[in-house]
Amino acid sequence: MLNFRADSKVLIQGITQPFGATGAALMKAYGTNVVAGVSPGFGGQTLDEIPVFDMVEGALQAVGKVDATAIFVPPYSVLDAALEAIASGIRLVLIVTEGVPPLDMVSLVKKAEETGTWVIGPSSLGIIVPGKILLGTYPAEFYTPGKVGLIGRSGSLICEIARQLTRAGLGQSLCVCVGGDAIVGSSFVEWLQILNKDESTEAIVLIGEIGGTCEEAAARYIAEAIDKPAIAYVAGQYAPKGKRLGHAGAIITAQLADLGADVGTAESKIAAFKEAKVPVAYRPSQIPDLVKKALKKSGHKAKK
Amino acid sequence: MLNFRADSKVLIQGITQPFGATGAALMKAYGTNVVAGVSPGFGGQTLDEIPVFDMVEGALQAVGKVDATAIFVPPYSVLDAALEAIASGIRLVLIVTEGVPPLDMVSLVKKAEETGTWVIGPSSLGIIVPGKILLGTYPAEFYTPGKVGLIGRSGSLICEIARQLTRAGLGQSLCVCVGGDAIVGSSFVEWLQILNKDESTEAIVLIGEIGGTCEEAAARYIAEAIDKPAIAYVAGQYAPKGKRLGHAGAIITAQLADLGADVGTAESKIAAFKEAKVPVAYRPSQIPDLVKKALKKSGHKAKK
Amino acid sequence: MELLEYQAKELFREMGIPVLPSQRIDHPSDLKGLRIPYPIVLKSQVKAGGRGKAGGVRFVENTIDAVAAAHTIFHLPILGEYPQVLLAESKYDSDQELYLAVVLDKDARRPVLLGSQHGGINAEAALDKIQKVVVDGEFSPFCARQLALKMGLQGELILSVSAIVQSLFQLFVQKDLDMVVINPLGISASGEVMALDGKVTVNDEALGRHPELATLTSKMAKPHKQKETPALPANLNFVDLHGNISIVCNGAGLTMATLDLVGAAGGEPANFLNLGGETWSAATPADLCERLEKALEALAEDKRVKVILVNILGSATTCSATAAVIETHLKRREGAGRPRSPLHFVVRLAGSDLDSAKECLAALKVPLFEALDGAAERAVELAEELNVKTEK
Amino acid sequence: MELLEYQAKELFREMGIPVLPSQRIDHPSDLKGLRIPYPIVLKSQVKAGGRGKAGGVRFVENTIDAVAAAHTIFHLPILGEYPQVLLAESKYDSDQELYLAVVLDKDARRPVLLGSQHGGINAEAALDKIQKVVVDGEFSPFCARQLALKMGLQGELILSVSAIVQSLFQLFVQKDLDMVVINPLGISASGEVMALDGKVTVNDEALGRHPELATLTSKMAKPHKQKETPALPANLNFVDLHGNISIVCNGAGLTMATLDLVGAAGGEPANFLNLGGETWSAATPADLCERLEKALEALAEDKRVKVILVNILGSATTCSATAAVIETHLKRREGAGRPRSPLHFVVRLAGSDLDSAKECLAALKVPLFEALDGAAERAVELAEELNVKTEK
């Protein structure tokens, strides 16, 4: 099970990469307990008061067990960095890097399944518990503490919606970006489970996108297992079919692997949410109102 | 734990190979419950009244769960055949074939460890419980039921010693050939454990050879954990050093992996058995007498 | 990125998958130096499907007919695409045609082996006939035999076809492919197997570690039907459409949301362009600004574009940095004598340092919005106004 | 089977492991067409170690000296072995020399990475300096970095050396090696790494699936020092020694046990030969007989051999079948006018159908034993008797 608290100890792999350094600074500024960085060949240096080690093993020997690692290494080194972290016993692995080859993710996902590791991403902004801890690269200014849990695929869209919620007076309990790539670690369903159990979360917003089937799976799961009010939004309703829209997950083609089933379109996803009786927002600006309504209704229910 | 009884159901992989057909006939003649054979492309045929299937999966669908498989496929197909058997849930895999590449065995041994599979061999005559069941290719005429357990590496030497025991009136409870190759599945130590628990076994004969360190490990294990009398023999006392004596396990070179330790020679192995207070035979013909003495001594002890 | 048939077959040949003797034809006159015996088949090397029905595949018996056929095929567009190359190949008599493929199932997150006894032109239509084996653990040849048996093959064919599937899987893994298909796999009367046509889709993200594939794809001529797209850096995701509003945004999800809002307001996007999020492994705020600058420069050349809607949700990149890029762009074009009215821009910014961005854009008379809906609606309105003007 | 240095370096080059510009020299006159600039190093291509100390490695500055040095090296045996080929290589200035290897730990049943900062001629003597990383799960580049750190490397060297280890491991797995060593790995003042010498041991059992390696090893000339061994099929294990008794047996363990008994009785084996057990995947009883026949034929040519001790423990092969092979052998040689006294054979058989074997051999006056000890003792006695006769 996910072990992630406000005081979780965090490691940064690839801390000497340009974006790794930015990310480390961002997390530290937010108050995250960043205990060490790893960058082979840079062991012994210090970056932003964070000690840098050549390997994860050495870092853990110096600072003790850590709860999570954030990986910023180049795409073709991500699999190795993640396997190194897993071999050292780290069970929460965030991959910020974009452009990891899918077959590397196939290997990593298998290893994660075998070892019970949470892999978030690749191409993920990470997790933020506003006011408490940031694991990843969310811009702090859009987030405020509250009771809405957010699950999405694409970073900037999560930020947009968090910003609109914040402006509407709806703070967030936990936001997670599962990542925009074709093959990602943790799924919508797994995060629905987490948020359903999370005491500070009272409503859940699912930010879907066209491509893949994770929204359809999430809709079914909500109908079956989620008690808290959930609302959904799906980006890409006007997207041209068969075009690549930015990341590989967002291709709609009659993928042979799907054996012709009509899945992955905005229509199919919205239909699945409706089928599961999940209110659907057609534009981001409708989300705050839907959340308010849902909270009122469930509060009403709770009172009964 | 090993699950192998007189009525165990046995599969033959590679049954249409020349030696596979011989082996199948040998086992059937001994009374082994050979339920099916596998040979891709030969599905639907019958060999020696044994139905042949294209895959293990299909065989099991037809004849139900089996307890063991004996593999006779060519060397480069052994890994695949064994993985197929393991994927179908078979947990006792005998590899009769000789000449399996070591790195294939590295992969197979890992998979066996992960799944709790007993892999015997490669290059193994298998297991025989005289008078009850034969899994492998032992010539029946040298064996007779009794109370001596035999563990060895090389088939014909095990036969030689079983023959001498039989002639001296000492029957065998279970004989196993772990296989002569450099890298084998089950070890001396694992079989010592089995024979120590086996109720019909009263004494154990270990038939060692130069090369590797399994005799040294067995000697230590006997000193620590074996209650029954054990005696040992090591072939290769006069073998020229540094020469290849027939199979890869029998090379004595200062293998770098051993980091220079003086192991693997006949002297080192005999010294290890002496250290463990295990009587050592210097020629096969001394073994029956040593077994008789050991049995008398332990019987004497038991009486006290 | 999809390879052409002759490139796919080159990879098949390397893996020991049997293919027919063939020769690449860059020009009809190459047929005079043909090294394979007649009769041959000439095949248009285009990515589009249905080339057989469209006349892109022709059997010929001699050089004169071959040259004539080649001329015809070179001038025959298939779904708007002209071939740069033809493939001349020996003829083959199949008794049976199978379909074989390895694809990545992105939901199961596992490679999948596919196969059917009903191969040929209509194989992909008969999807329900296709058998499937998910490669869940490590691949071993028995997985390929599982597929062969599921396909209903018997006897020697189990071995010969599963050997091909095994090679396909190795190719798939070794070259980081998204998909590899043999269709049809011809089977002769004597049971010989032959890959008669093939399709290989390489994974774009993995191309960097396969220089041999990168060379292939870069050599591939641009299909003629494609309109001139602005010269953009490779890491920008640009999609061309048919309207008059350009959307420039950062992040795939936000780009799609913006596109949706423009669409919902009745607007017609000319194209949209995702500058990328800020998770690009080597990206810095400066990179995002540079990408925006190049994007604006490229889009300015597109005559159809009436309005450029810029929507940047900044993180490390401040609003004022984004505004500064727009300012520089407008001033540079003015300096170069190719001004573009600032009114054609609609800008929406969110993030830090918004006030100075406001000042900067106000000075340029570029309308700035904080709310996304408002920006999208204004862009659509503006495009309509400008359209009316043009029509007048 | 161990490869020669130049062959090992060819494999290194294919894997992208840096090696110096070099050229294979088959004859001193090849040096006139040298394509690499002077000064160069000429290295004797022998398998034996210690060639540097023995004078098999020479630095030369010009063609005249090079040709002279090549002549010298071609005529210089290293531990009795003459080179068939030399390697001409550029000179390299190392600041430091490392030792790197990948071997298979047969007891742990895992590959092991080895490395030391104390490379060069004495690396393998300083075994306690060698660091070890067992590759327990799947290999990933971090395993190579672990080794580099254990070796005490720092900074950039961690990356450059671990990249080499990674390539070595890939080579090890791809080519089914028993061992691959780079010693020394030179490190220049600027931190550049260079494989200056290397050793590759290919696994004989896996050679059949690496035709490219099988070609290399078959091309390798037989070292001169090796005596003419009888022409034997490849699957027989033949070991040459210095005495006068040949031991022909089936199965490695039984062969060694027989050898021990001969040794314990004071005998001196001329050689011993394991016909193989009966677990050979394609073996049938007929195969074992055929192997015995070929073995006897080959051993008959060895003038040193006084006695042939045949010890066959039959399983599917009956005693009478074995006896029949001996009978055929003796009769054939008689017919060919090259008889060998049947007294020179000592035969021990166990298995089914012993009685008819007894009859057959008795008719030939070949002594047959049922007990192994008795057969070994008789073989030694007989050899002594024959020796005494010869000396008279």
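Each chain carries a letter (A, B, C and D) given by its place in the written order, and its residues are counted from 1.
Heads up, the rule we're going with is that a residue touches a chain if its C-beta (ideal position, glycine included) is under 8 Å from a C-beta of that chain, and two chains touch if they have at least 3 such contacts.
Note that the structure is a prediction, hence the values are computed from the model and not measured.
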(request) If you tally contacting C-beta pairs, which comes out ahead, B-C or B-D? Let me know. (result) B-D
(request) With centres defined as the mean of C-alpha atoms, identify the chain lying farthest from chain B. (result) C
(request) Give, as an integer number of Å, the spacing between the C-alpha centres of chain D and chain B. (result) 27
(message) Based only on mean CA positions, could you tell me how far chain A sits from chain D in angstrom?
(response) 57
(message) Could you work out how far the Cα centre of chain C sits from that of chain D, in whole Å?
(response) 53
(message) Is the chain-to-chain touch network here best called a line, a ring, a star, complete, or other?
(response) ring
(request) Go ahead and list every pair of chains that touch. (result) A-C, A-D, B-C, B-D
(request) Show which residues of chain B lie in contact with chain C when the two form their complex. (result) 40-44, 54-58, 77, 79-81, 83-84, 87, 107, 111
(message) Using the touch definition from the top, list the residues of chain C that touch chain B in their complex.
(response) 137-138, 140-142, 145-146, 149, 154-156, 158-159, 162
(request) Would you mind writing out the residues of chain A in touch with chain C in their complex? (result) 14, 17-19, 22, 26, 72-76, 96-103, 105-106, 109, 123-125, 137-139, 141-142, 152-160, 163, 180, 182-183, 207, 209-210, 212-214, 217, 235-240, 243-250, 255-257, 259-260, 282-285
(request) Using the touch rule from the top, collect the residues of chain C that touch chain A in their complex. (result) 101, 103-112, 114, 124, 127-128, 130, 132, 173, 176, 178-179, 203-206, 208-209, 237, 239, 241, 249-257, 259-264, 274, 276-284, 313-316, 350-352, 371-373
